[in-house]
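Shared chain: chain A. Partners: chain B in the first complex, chain C in the second.
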Partner chain A sequence: MATRQTQGLARLMRAPAIILLLIWMIVPLGMTLYYSFLNYNLLNPASVSWAGWFNYQYFYTDPAFFAAIRNTLVLVLGVLTITVVLGIAIALLIDKPIWGQGMVRILIISPFFVMPPVAALIWKNMIMHPSYGVFADIARAIGVQPVDWFAQYPLTSIIIIVAWQWLPFATLILLTALQSLDGEQMEAAEMDGAGPVSRFIHLTLPHLARAITVVVLIQTIFLLGIYAEILVTTNGGPGNASTNLTYLIYRAARLNFDIGGAAAGGIIAVILANIVAFFLMRAVGKNLD
Partner chain B sequence: MARVASTRAKVGYTVAAWIVALVIFFPILYTIITSLKTEQEAIAGFNLIPSFTLSSFEAVQSQNNYWRPFTNSVILAVGSTLLALVVAIPAAWAMAFSPTKNTRGILMWMLSTKMMPAVAVLVPIYLIFLRTGLMDTRIGLTVMLMLINLPIVVWMLYTYFREIPGEILEAARMDGASLRDEILYVLTPMAVPGIASTMLLNVILAWNEAFWTIQLTTTNAAPLSAFIASFSSPQGLFWAKLSAASVMAIAPILIMGWFSQKQLVRGLTFGAVK
Partner chain C sequence: MGRITLEAVTKRFGDVEVIPPLNLDIEDGEFVVFVGPSGCGKSTLLRLIAGLEDTSGGRILIDGRDATDTPPAKRGLAMVFQSYALYPHMSVRKNIAFPMRMAGVPQDEQDRRIASAAKALNLTDYLDRKPGQLSGGQRQRVAIGRAIVREPSAFLFDEPLSNLDAALRVGMRLEISELHNRLRTTMIYVTHDQVEAMTMADKIVVLRAGNIEQVGSPMELYRAPRNLFVAGFIGSPRMNLITGPEAGRHGAATIGIRPEHIRVSATEGAWQGRVGVSEHLGSDTFFYVEDTGLADTITVRAGGEIDLHHGDTVWLTPDMGHLHRFDVQGSRMA
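And then the complex of A and B:
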């Protein structure tokens, strides 16, 4: 009796969250799917007609689409490589006995809490500005021509900014994993004459494998959606040089008012994200029990 | 001898770690320094010592109607977090203490909603907001931010609640505690730290959200993230003032963030790394 009562109550307590997320998942996504088959432009809202696969074909044959896919991949892979490699190095360093470890951690974690538009503006104006930025000051000091970062290397500049934002996250998670490493095993390996490199490859790296997987997958989900950094710095340009898929869809919807086209792009983004999500769910799911 | 070597190693590691930390922190530090300069100093080349003027902060507060976006940020971040907690606490509680064979599936499904790219539903959400008059309203954006973060909130609470040992409940039941007493006097005190950590992290995430806040606001409901993004070209707002506005936008959350390092790892990895 008591358990049946508890079970009923439990169901009631779960219901609001489940229903809300169900609506949130099904309704907008269903609408996106529907719009993706329509000729629908907000500049001419009176003439809406069935488009079939036209929006997908249009998106698929647009050279901007391939540029966007390429830029998305370069952005994600670039940031992942930088954050994982530097993250491991920094985590190893601050895991050593050092003075002021707490303060060092605070300084390193800080960029993660800077909201994307502010991070982008700081880098754009304070650091990378071709006449007033710190990089330009350094270039002049050593007698080199300052680089106009966002005009000459737009995608690289955005990769640097985003990597700066996500390096703290990677470092913190890898450090957390590192701290659970068995010290005795390490000592035993050291006694047996294993050098630091061999200890790193045979003990530390396998121990970090799981944390690295988590970092890669979670960052990928957020990195596929990079938006504000591009909006504030390059607006996707010059040309399409720094337009990723998210920015391309935003431009179709909000600047070209092309509802059908943006919806078709949205569905493509969902498919891409799902491929990543599939692997993440497996990695996280294993840890649930 | 070994002692000397290890002290020397510690000095070496300490110096290296501090250099790395200062390089990473430098853009923030330099923004803080620039915010304390005059506009002339700010564009006069590299200089780490400002004249410590607060004029930029005063200018930003008076000229640019700074307090409306600031108030919006507070209302949106706190409001969406409280709303999410109201929905998530019962759900996480039920799943942690009366798990069924579906619980695992439900949790994984909730996580999967977080994987949906925001831009995929930009078109319908934008149109819904436009047609229902929710565009540029705090209530519309509060609900949006709540929905975005709900899966993380449920997950974090679930992992905290699960750490509350079941034996304590059994002991309370043996002593004749009713379900009400059990919740009020046994579970709640043990759950409060988990709820507080979840709240902290979620306020940070909501404060820094910068896709929906930019898409769904113009002026009235725009929080700091949207307000700052509108300065993508520093016309009218110059270096020192831009720095002052940036410092004011990130300072509260930076300080909160320093206190939430552990929760950050846990919340953002869905319990996969603790």
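And then the complex of A and C:
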């Protein structure tokens, strides 16, 4: 890609792809922005009128709004913490050569292949159900009152389900990083008198920093949009206890048929995602260079 | 102090015996080189001494104390690895400080030792850089610095120069020899390069398939190789080995004569041949003489100004005082 001629040609050749991607992104965003300033309800689609900032005002003053933002952040942070910590622990365990290694690794990765609504349904009906879930069986077996997970700890339950789904991803990325750790470095540290804990803190963790950053960034993108798990388990309730921003937008659009309000929520979600991305990149982005 | 004794040390990986029972004495302050072809067990032996591998039998004594089951960090040995094994996210200063930090050495003592090691190794200007910003030679010096500050009773080097280019290798070879002269600490050095062994060692241990073939000073090994393996391994270019009737004339199964112990003449001599490839190094010229009827080629060293060319007929005369005779088993004959 050196000479001036090839550069000009290259620009021309990649233009169609870039223009297509731009349209692909700009058109939905522009339409969402446009709708967010309209009074547009599907129950009365004939009367569409300019609303100004009303939709934003309405969304902002909704008592569910701040609860939803809080829940969104708790959900993201909770799942990130669990997946990174457990991911490192499991990666360290299965990094060692063991009998049946291939089988163990496939089993550990498999939750990732289960579709989110299916996974949530299994958790809801077979594991966390207060009367015939596995947890309830265990509680009764040890003589404790079973927990009604989705009523008592709705957000925690969803965090557990989502963390279960994303743990394989984190484990996989961290395992690959762990495998690239130089064995001689570890031996050098061993000779330098560093015990297992010191070696983990001074060598393994810094080595994993980049992989952890990748896990955090990619997962955050997906976790901000968690929706299916909430829909099939708690429906955002009780009250707004497990409603996140995505679910709130869904509620506006599909339960209240309020296209304008939902579009305003969408724009707010985009802004929130950008704020999160900004702080995230400042916090961990330096690990990526 | 750094006297290391191996008593019948054995290493097996599963059913494979990598090192059969082996005995070796390393005196305090000695520079010992383990040399041998790749896969001869020299690195394994070093790792056994370091404690990075468990012995399958025998005892390792360090300064008279049984250290066979002592963990690596407690043996008082420092190791320099082939890949340098620096900690990539730590600055040079922190790399060098790491073993002292782990040992709980007070901060001012740490600073003092770092400063003196950095000065000795020309690293003072690089203390705040990361290993990734250093050249190969500098990284190697950091690795040595990290070993020095521990003030070990012996240094272990595992092929430390094999990742460096030729010019740097010669320089580092001198630096390590100088370091040994200054510190007078025991050093055990593993290499497959017989030039490194010859130039640096007080004592060379030649290994083959885990067995010690010969132990001795470089010149002892050069003058009186105990068998064909050592004869072929030590010395560059390799010793010429001749079998057949010519060897029989000297009452041996194989005779060996080094390239530098053969006289070349265009007119007269004991063996006739034809010049094949010749390598002019300036100071010396190496001829590969063909069609002698003795061996495929006979390597000969001659002066730099000699005027012989490809295809010329030459006469070779071995210096009888430097003829090595080996019996059918390949052992040296008196």
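Everything below uses one rule, namely that the second predicted complex is superposed on the first by the 255 of 289 C-alpha atoms of A that agree within 3 Å, B and C clash if a C-alpha of one lies under 4 Å from a C-alpha of the other, contacts with A are read in each partner's own complex, and residues count from 1 in each chain.
The criterion applied here is as follows: contacts are C-beta pairs under 8 Å (C-beta built on N, C-alpha and C of every residue); 3 or more make two chains touch, one makes a residue touch a chain.
Given the structure is predicted, the values throughout are model-derived calculations rather than measurements.
Asker: Could you classify chain B and chain C on chain A, in the superposed arrangement, as clash or fit?
Answerer: In the arrangement built by aligning on chain A, the partners chain C and chain B fit side by side.
Asker: Return first, second, both or neither, reflecting whether A:104 touches chain B, chain C, both chains, or no partner chain.
Answerer: Only chain B; A:104 stays clear of chain C.
Asker: Just chain B (first), just chain C (second), both, or neither: which does A:242 touch?
Answerer: A:242 sits against neither chain B nor chain C.
Asker: Going by the touch definition up top, name the partner, chain B or chain C, that contacts more of chain A.
Answerer: After superposition, B is the partner touching more of chain A.
Asker: Touch check for A:227: first (chain B), second (chain C), both, or neither?
Answerer: Touch partner of A:227: chain B, not chain C.
Asker: For the combined three-chain view, what is the angle at the C-alpha centre of chain A formed with the C-alpha centres of chain B and chain C, to the nearest 10°?
Answerer: In the superposed arrangement it comes to 80 degrees.
Asker: Return first, second, both or neither, reflecting whether A:207 touches chain B, chain C, both chains, or no partner chain.
Answerer: second
Asker: Could you say whether A:253 touches chain B, chain C, both of them, or neither, answering first, second, both or neither?
Answerer: It touches chain B, and chain C stays clear.
Asker: Under the stated touch criterion, which partner chain does A:194 make contact with: chain B (first), chain C (second), both, or neither?
Answerer: second
Asker: Minimum CA distance, chain B versus chain C, superposed model, integer angstrom?
Answerer: Nearest C-alpha atoms of the two chains are 5 Å apart.
Asker: Same chain A residues contacting chain B and chain C, which ones?
Answerer: On chain A, no residue contacts both chain B in one structure and chain C in the other.
Asker: Chain C touches which residues of chain A in the complex?
Answerer: On the chain A side, the touching residues are 182, 184-185, 187-194, 198, 202-203, 206-207, 209.
Asker: Where on chain A does chain B make contact in their complex?
Answerer: Those in contact with chain B are residues 6-7, 9-14, 16-18, 20-21, 24-25, 27-29, 31-32, 35, 90, 93-94, 96-101, 103-119, 121-127, 132, 134, 137-138, 141, 164, 167-169, 172-173, 176-177, 210-211, 214, 218, 221, 224-225, 227-228, 231-233, 235, 245-246, 249-250, 253-254, 259, 262-263, 265-267, 269-270, 272-274, 276-277, 280-281, 283-285, 287-289.
Asker: Per the contact definition, I'd like the list of chain C residues that touch chain A in the complex.
Answerer: Against chain A, chain C makes touches at 50-52, 71-73, 77-79, 81-83, 85-90, 98-99, 102-103, 146, 150.
Asker: Which residues of chain B touch chain A in their complex?
Answerer: Contacts found on chain B: 9-10, 13-14, 16-18, 20-22, 24-25, 27-28, 30-31, 34, 42-43, 45-46, 87-88, 90-91, 93-95, 97-98, 100, 104, 106-128, 147, 150-151, 154, 179, 204, 207-208, 210-211, 214-215, 224-226, 228-229, 231-232, 234, 239, 242-243, 246, 249-250, 253-254, 256-258, 261, 264-265, 268-274.
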